[in-house]
Amino acid sequence: MEGIGYKILGAVLTTILAFVVGMFYGGFSRKIIARIQNRVGPPVWQNFLDVLKLLFKKTSVRYGLMHHFAPLWMITMSITTLMFVPVLNDGLFFSNLNFSGDIIFLLYIMVFGSLGMALGAGSTGNPNSAIGVSRGLTQMVGFEIPWVMALVALMIQYKTTSVTGLMEVQSQSGTWLMFSSPFAFIAALLAMPGMFRYSPFDIVGAPAELASGPISEFGGKYLSTMMTSGSIFAFVKLTLYVDLFMGGASNLIVLVLKTFTLYMYPVLWGAVSARFRTEQSVRYFWGWPTFFGFIALIYAAF
Amino acid sequence: MSENKLNKEQLLLDLLKKKFILNESAVRRAKRVEVKVDPKEIIPVLLYAKENSRYISFAHMSCVDWIEDGEFEVVYILWNPEDKINLFVKTRISRDNGVLPNIDFIWRQANTYEREIREMFGIQFEGLVGRQEFILEDWEHMPPMRRDFDTAEFVKKTYFKRPGREDAKDVREFVQERTDEELPDFAKKYSRD
Amino acid sequence: MVITDPVYFIALPLLTAFLLPLFGKIYKPLIGIIPGLVFAFLAYISFDLYLNLVPGKPIIIQMAGWAPPWGINLVFSEFSGLIVTLITFLAFLVWVYSYNFKKVGFDNSKKYFTLLMLMVAGSIGVVLTGDIFNMFVFLEITAIYSYGLTAFYKGRDSAEAAFKYLLLGSLSSVFILLAILLLYKQVGTLNMADIAVKAQSIDPKMKSIIAILFFVGLGIEAEMFPMNGWVPDAYSQAPGPVAASFAGMLAKSGIYALIRVFYTVLEVKGVFDLLLIMGLLTIIFAEFSAMRQKHLRRMLAYSSIGQMGLIMVAFSFNTKAGIFAGLFLMFNHAIIKTLLFLSSGFLTYSTKQKKIRDLDGFGKIMPFTSLMFGLGAFAIVGLPPFSGFWGKLNMLVATADSNLYFVIALILLVAVVEIVYYFKVIGRLYFRQQHKDVEVHNPTWNAILAMSILAIVIIGVGIYPDLITDYLTKATNELFDKAGYIHSVLPNLSLN
Amino acid sequence: MNSLVLLILIIAGGALLSYFGHKINKILGNITVFAVALIIPIYWFTQVDFTETVSFTVSGFHMELGYNMYGKLFSMIVMILSPLALIYAIGYMKDQKKLATFYFSFLFSILGMTGILMSRDFVSLFIFWEIMTWSSYLLVIFLGKDVQKTGIKYMVFSAIGAYAMLMAIVIIYKNTGSMMLSDYFGSFAGFTLQTKLLTGILLLLGFAVKSAVMPLHVWAPGAYSNTPMAYTSVFSGALSKMGIYGLGFVVVNLFAQANLEIVGYVLAWMGAITAVLATFSAVFQHDAKKLLAYSSIAQLGYIVTGIGIGTELSIMAGLYLAVLHAAFKGVLFMVVGAVERQAGTTDMNVVSGLARKMPFTFFTALIAIIALAGIPPLGGFVGKWMLYESLINNSNFLMVIMIFLSSTAAFLYCFKFLFGLFLGQQEPEFDHVKEASPVMIIPMLLLSVFLLVTGAYPGIVFKYVAEGMTNLGFHDVNWQMSVLTNAWGDSVNVQHVYLSVVVVFVAFLIFITWRGYKHSTKISTKDISSSGEMIKPEDNMTYAMDFYKPFQRVLQPILKWKINKYYEDFGKGLEALFDFMRRIYTGNGQTYAVYVIIFLAILLIFSKSIFGY
Amino acid sequence: MYNDKESQKIVDIIQNYARKHSLFILAYGTGCGAIEIPPTMTSRYDAERFGIRGSATPRQADVLLITGYLATKSLKRVIKVYEQMQDPKYVIGFGSCTINGGMYWDSYNTINVLDKYLPVDVYINGCMPRPEAVIAGFVKLQKLIQQGKADGWDIYKKNIDEYKANQKKIITNWVMPDFNF
């Protein structure tokens, strides 16, 4: 009993941690972007207020079961991914279910949510959301390739397909994977903005052009669930990057520091860049990042 | 200098006089020639102006409501970029269900003007392409630009008025009190007495 | 009871053929019945003789009392017996098919049956005879009466086809006669066995000339590549049953003559490679041109040439497996091609210009005939549950034994082409909407009977091929040992 | 009476019975088909004894029928999928004509498939292969739609495949003297390299045509989409698996043992390329049938890659995916059939918004698509995972990227399929659509339940796969009920995944619907936020045309060269050659006579070389 | 979670606090005032520091800005958009045109008093108020929300038929779905 109860408590705590940290990251990024645009910017806890307000919305609109399930797929994906990514190296408390989360499994679970949400967006019947989804999936094909190349390179180089395995390699050898397999890191880094759908690749939810794309028909509670899952997913991706390339974090503060610095990269790049069209973004992803991916693979193979 | 200035306009006027039966024609001033023609003469004049004397740009088309004569006066304004002369071609048709020929085959943009005149004045154009509704949606009353349409009465009937401030004075009266300038006499007529 | 004597095979048809007009005078429908009786009797005799043939002891009959080296003798051995039974069986079926041949009025059927009987007699004669000149005579008989049968319909095309056949047929008879004369001059005798004994003594130069003449002469009869121009016209212009008999009997006798000459009579070294090359060329040209045919009957004619080419290739291996495969293919070709021609007879009879395009949707209007045609097509192409498959399989095994891998590839490639044009027709028959004004001639009961017998044979052999394999092996052994043949024909000649 | 022969007689008898049943009247026909559809699997699962063999010699060839474990695995696919497809066909073909021939050839193709899996020697293998081919040909041209193009293309390709196999068989017979498969495997090492390669490659060619590997796949889209949908589920689900069955024992038994892994490796590469190109062409189809046809070619590409690699894990992945592919492709084609029957068309530019009117069909389609895309909770993921792990374990990384590219692009056409048919605007002209008849729904539900179960317990399929692999030379295949392990010891416990997904989903479901669901009002898809503009019911707001236009612009250079173009040119070349050949037969007698004379002259001139003197 | 008077009050406080500090404006400018919104949102006046953010569709929005004169044609669209918004929603009337018709007071197809057709919570005077005035308006609205007085949506729901009567008086061809919340 002690193990299971402990694990569940750990799981719930990690989710709350992820939610809070994710939200604050969102707040910080909005603040920083505002500062870049030379304006005051909202308070850092603004995201909490937005989610809270949306939760308290009185009426809600329903297009059918799939529409109702869409945010559920999203939140399930992000929490399940969280379950399988080791948050702290040996942290007793936040070990959660993270058996040796297999990388290929993580790759696929990340797609699970967006596909579910795509179906929900599709069922609303709004042409904007359908266009948004088709662009989102096309972009996904784009950025998945360099991301997978980086991961495969890591797997082949260190002969393990699990995140914990890679973390052990880093802890034994002492050097972060960032340095021991640099090309994989560069490829993964270049693929990161696509994953976050920040500014250069935010055509999917373009507010003006597509009336916020897939989520155009989701209001009230649905939107709040999506925002929470968005923030948790951001946190999860960041911890995954940290685990893979920066040797994981022994305690919370180190984790927050590392993830935040990593987080700044897509946010800052997003703040200053215009929006790519879909085929431009796919061509970009299949350009330099894939080139680095190939080098990483070759580097890993020999 | 003013003398030779007019000869181009005069030249044009004589040319038109020779070719068509003009009810009235005058060179109003430099760069402006006015011609009045019967409705059925409209298309030949316009075609002639466009092809021969290079009045290629169709500047404007408007309609004047001469309620006293019971007629609408439709004015076509053409512009010759080389000689820089405005040619005004005017016609008169009766106010109630008058019909004019459609000229969007000469200039495509005339279609918009014609649709607006049809909606606002009620003049019909043969073979006019385009939806009946142009600016006003679901409008059942009389075409609003006609002078016999009493706008103030209509507004009072359909829309609400925010109560209070009935004593609102014309802002000019207000300015007059403050700065004791003399109110111009033409404005006096409109002040709410 | 009636002494079963091979002589009847030749004597009886010749006799009744010329008496037919008399019978016709006595009682008009007799003309239809008599040939049937004759064929039935012949078929009975051949079956009876063939079944109780003792291997190694063929039946030899001296004609008119002269001993073999001088007199003409008939040899009814396993090999020739098999062909004869095949021919008589098919002749009987053709008779059953064309018993009350509607298009043939009273006088035509007289002419039709006489010509048919004579042709059958001639082809049996070719197969049975042991004398080379006698074989030439019988070849002439079959050729002449087939010209008559080709020109049966009064139309311009059939006349032109007959003329073409006549032209080439006469060329072939000239060459064969020349070859026999030279041979006689060298060897001094006409009896095949005797020639076989004395063949070594001919000087090689002369021998090769005789071989070439025989090759070309018999090649024309056996529809070899450059010489088979007459086949498509003859087959397509002749009436349905006649085309079937051509495929069934005429071609068989032509091939038999070619094999008999080059296997037993003349022992010439290089002829088999030539036969192989010619066989392959025949297949390629025939099948490829069959692909582009618009008329159903011409397509079938070309495909039958292709099959003959396949048989030639089989025999060209000069091995036991090759001969076995060749015989199996000959049997298949005879049965299936006859079924195809018989069924296409009625199909084209209902279309205006015999074009494949007019056959759309015939699956519904003439279900039985198109089913038979489909069955024949499936069989000829070699799909498993039918006899064609086993023939092709043995053929390929034989080619593999003499490890000619490129030949296997070629045969299979050609089989693909064959599949394409046969399945195009099936596709049209069954899965297209039929055209409007099509007057339907449903087959008469006797035609149905004939076709279903053939179909049963095909399916029977297809499911259980061992029915005929042991007869084929016996015939192969007999053909293969030349000495046995000579000894049986000239028992008293001590091999010097 | 030997149980195997009895099985064949039952199926053949069933075919004839249903043929005559339908000739008499429709209801009797349907009853017989239903009865046959039930008897065959019941008999197979209960009576058939997998150890006994029956042998008979036909015209000198020794033929033997008998089950081995590898055949049992594949015949399980056939025995589960075809009866369901038959029951589905009763509903699907209700108002079609010529049902007699349909059921006859359907059951005969099942006979062909079971025969192939039972035959232990090449002749019976070839016989059943041909039966399967021509019975499926009859079904490809059944609907009569452009019979010429697709029917002939299918027949030519399968004929080429079959005859390549026949040539290999004949050469093997010459070398080993016997037709038995076991002899061939045994003595394969003894052959010279040249015959080894020749026979192996020819056999591979025959099997590759059936499993639609890239250069030989041209017949598949046309054949899959023109056949009646009831049969396509078996056509692409089970029939293509015969090709995989053959590839399996050839690549693994022969080439692996005779250390010729290079052939397997090349095959794996062809499978990968097939997967990528077929997925790319599937993404841009606007007809649901064509989309599914290309997608099943892509899935077959995965399986071929799995088998080609040849390690224990990859073959297990390949065979597992083969079983899964039969299930979810069967369901998907049945779904498209149901939509075609109810809504009249499967063109995704026309149909939209059927989810509310056909809820069951949509549910099964959703499950099948999730399985097809390989998304975690369901079984597809297990197969994909094993495939990737095996590829990574023996580090041919380029192939991993190709496979991953094609499976990511697969999400595109998965979404397009569901969105095109079921989601999107509810158009008034499809208001009349009702749910498909229960006869069609039950098979779909059964198969989707199978997919759900394999999600948590893939072991039920692994059991048979492991047994099957013993015949391929992998004796102790380690598998657990629901934990996947790879060569490097990493493992994924599928049950954990299933558990956490379900728990989290239910938790948030309660959170969102608690108190909220009652307030919310159901909205029609016409009341969307269209910046205030009034949408009248007849306005068509569906977005379906040029669905992935940006992706098309990116792939323009790749999609330009189409493989069909080469085949068309080749066909035209052949046509020209045939025309030239035909010109030889000019048709007038004189030329023929001249031919004879020339031939004679040639012979006489060259008699020296021909006859040697 | 017994919801007696006491706990209800606490929930209200939290609700209002959250609603006050995160207002989503619907990007739907009607009249000439729409050009005032970008300056208020961007760097010089930065409405985002109050938690005010734009949102693309009525489903996600809280605040509907009527920025200028409303022709009957666009009133029809505005009503449909208003009804699509989710419940605690507020309307801010920009400029004198919404107050008493502004300079279009005697035009035959613009409405004069927005209040009659939609429940307006805050009016911002000025013939297009400058961004400072707009922000003052927003702050006023936030104060109202804080005190729970910004219940325009409730009033709309309570006397829906009166609003509908006014609306139907000038919108003759009524093709919208009836009020569905």
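Every chain is named by a letter (A, B, C, D and E) in the order it is written, and numbering of its residues begins at 1.
Everything that follows uses one rule, which is that a contact is a pair of C-beta atoms (placed from the backbone, for glycine too) under 8 Å apart; a residue touches a chain by one contact, two chains touch by 3 or more.
Just so we're clear, the structure is a prediction, and the values are computed from it rather than from any experiment.
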{"item": "Common touching chains of chain C and chain A", "value": "D"}
{"item": "Those chains which touch chain D and also touch chain A", "value": "E"}
{"item": "Chain occupying the most central position, where position means C-alpha average", "value": "D"}
{"item": "Contact-richer chain pair (by C-beta pairs counted) among A-E and C-D", "value": "C-D"}
{"item": "Identity of the chain that, by mean CA position, is farthest from chain D", "value": "B"}
{"item": "Inter-centroid spacing, chain D versus chain C (mean Cα positions, whole Å)", "value": "45"}
{"item": "Chain centre separation in whole Å, for chain E relative to chain C (CA means)", "value": "99"}
{"item": "Length of the line joining the C-alpha centres of chain D and chain E, rounded to whole Å", "value": "59"}
{"item": "Distance between the centres, which are taken as Cα means, of chain B and chain A, whole angstrom", "value": "63"}
{"item": "Chain B: positions in contact with at least two other chains", "value": "none"}
{"item": "For chain E, residues contacting two or more additional chains", "value": "57, 59, 76, 181"}
{"item": "Junction residues of chain C - those touching two or more other chains", "value": "none"}
{"item": "Every chain pair meeting the contact rule", "value": "A-D, A-E, B-E, C-D, D-E"}
{"item": "Chain A to chain D touching residues, read off their complex", "value": "58-64, 66, 68-69, 71-73, 75-76, 79-80, 83, 97, 99-100, 102, 104-105, 107-109, 111-112, 115, 118-119, 122-127, 130-131, 133-135, 137-138, 140-141, 144-145, 148-149, 152-153, 155-156, 159-162, 165, 211, 216-217, 220-222, 225, 277-279, 282-283, 286, 293, 297, 300-301"}
{"item": "Residues of chain C touching chain D in the complex", "value": "160, 163-164, 167-168, 171, 175, 204-205, 207-209, 211-213, 215-216, 219-220, 226-227, 229-230, 232-233, 268-271, 273-274, 284-285, 288-289, 291-293, 378, 383-385, 389-390, 393-394, 396-397, 399-401, 403, 405, 408-409, 412-413, 415-416, 419-420, 423-424, 427, 430-433, 464-466, 469"}
{"item": "Chain A-touching residues of chain E, taken from the complex the two chains share", "value": "14-15, 17-19, 21-22, 24, 27, 42-44, 46, 48-51, 53-57, 59-60, 62, 86-88, 181"}
{"item": "Of all residues in chain A, those that touch chain E in their complex", "value": "30, 34, 37-43, 46, 49-50, 52-53, 55-61, 207-208, 210-212, 215-220, 223"}
{"item": "Partner chain E, residues of chain B touching it in the complex", "value": "136-140, 144, 149, 151-152, 154-155, 158-162, 165"}
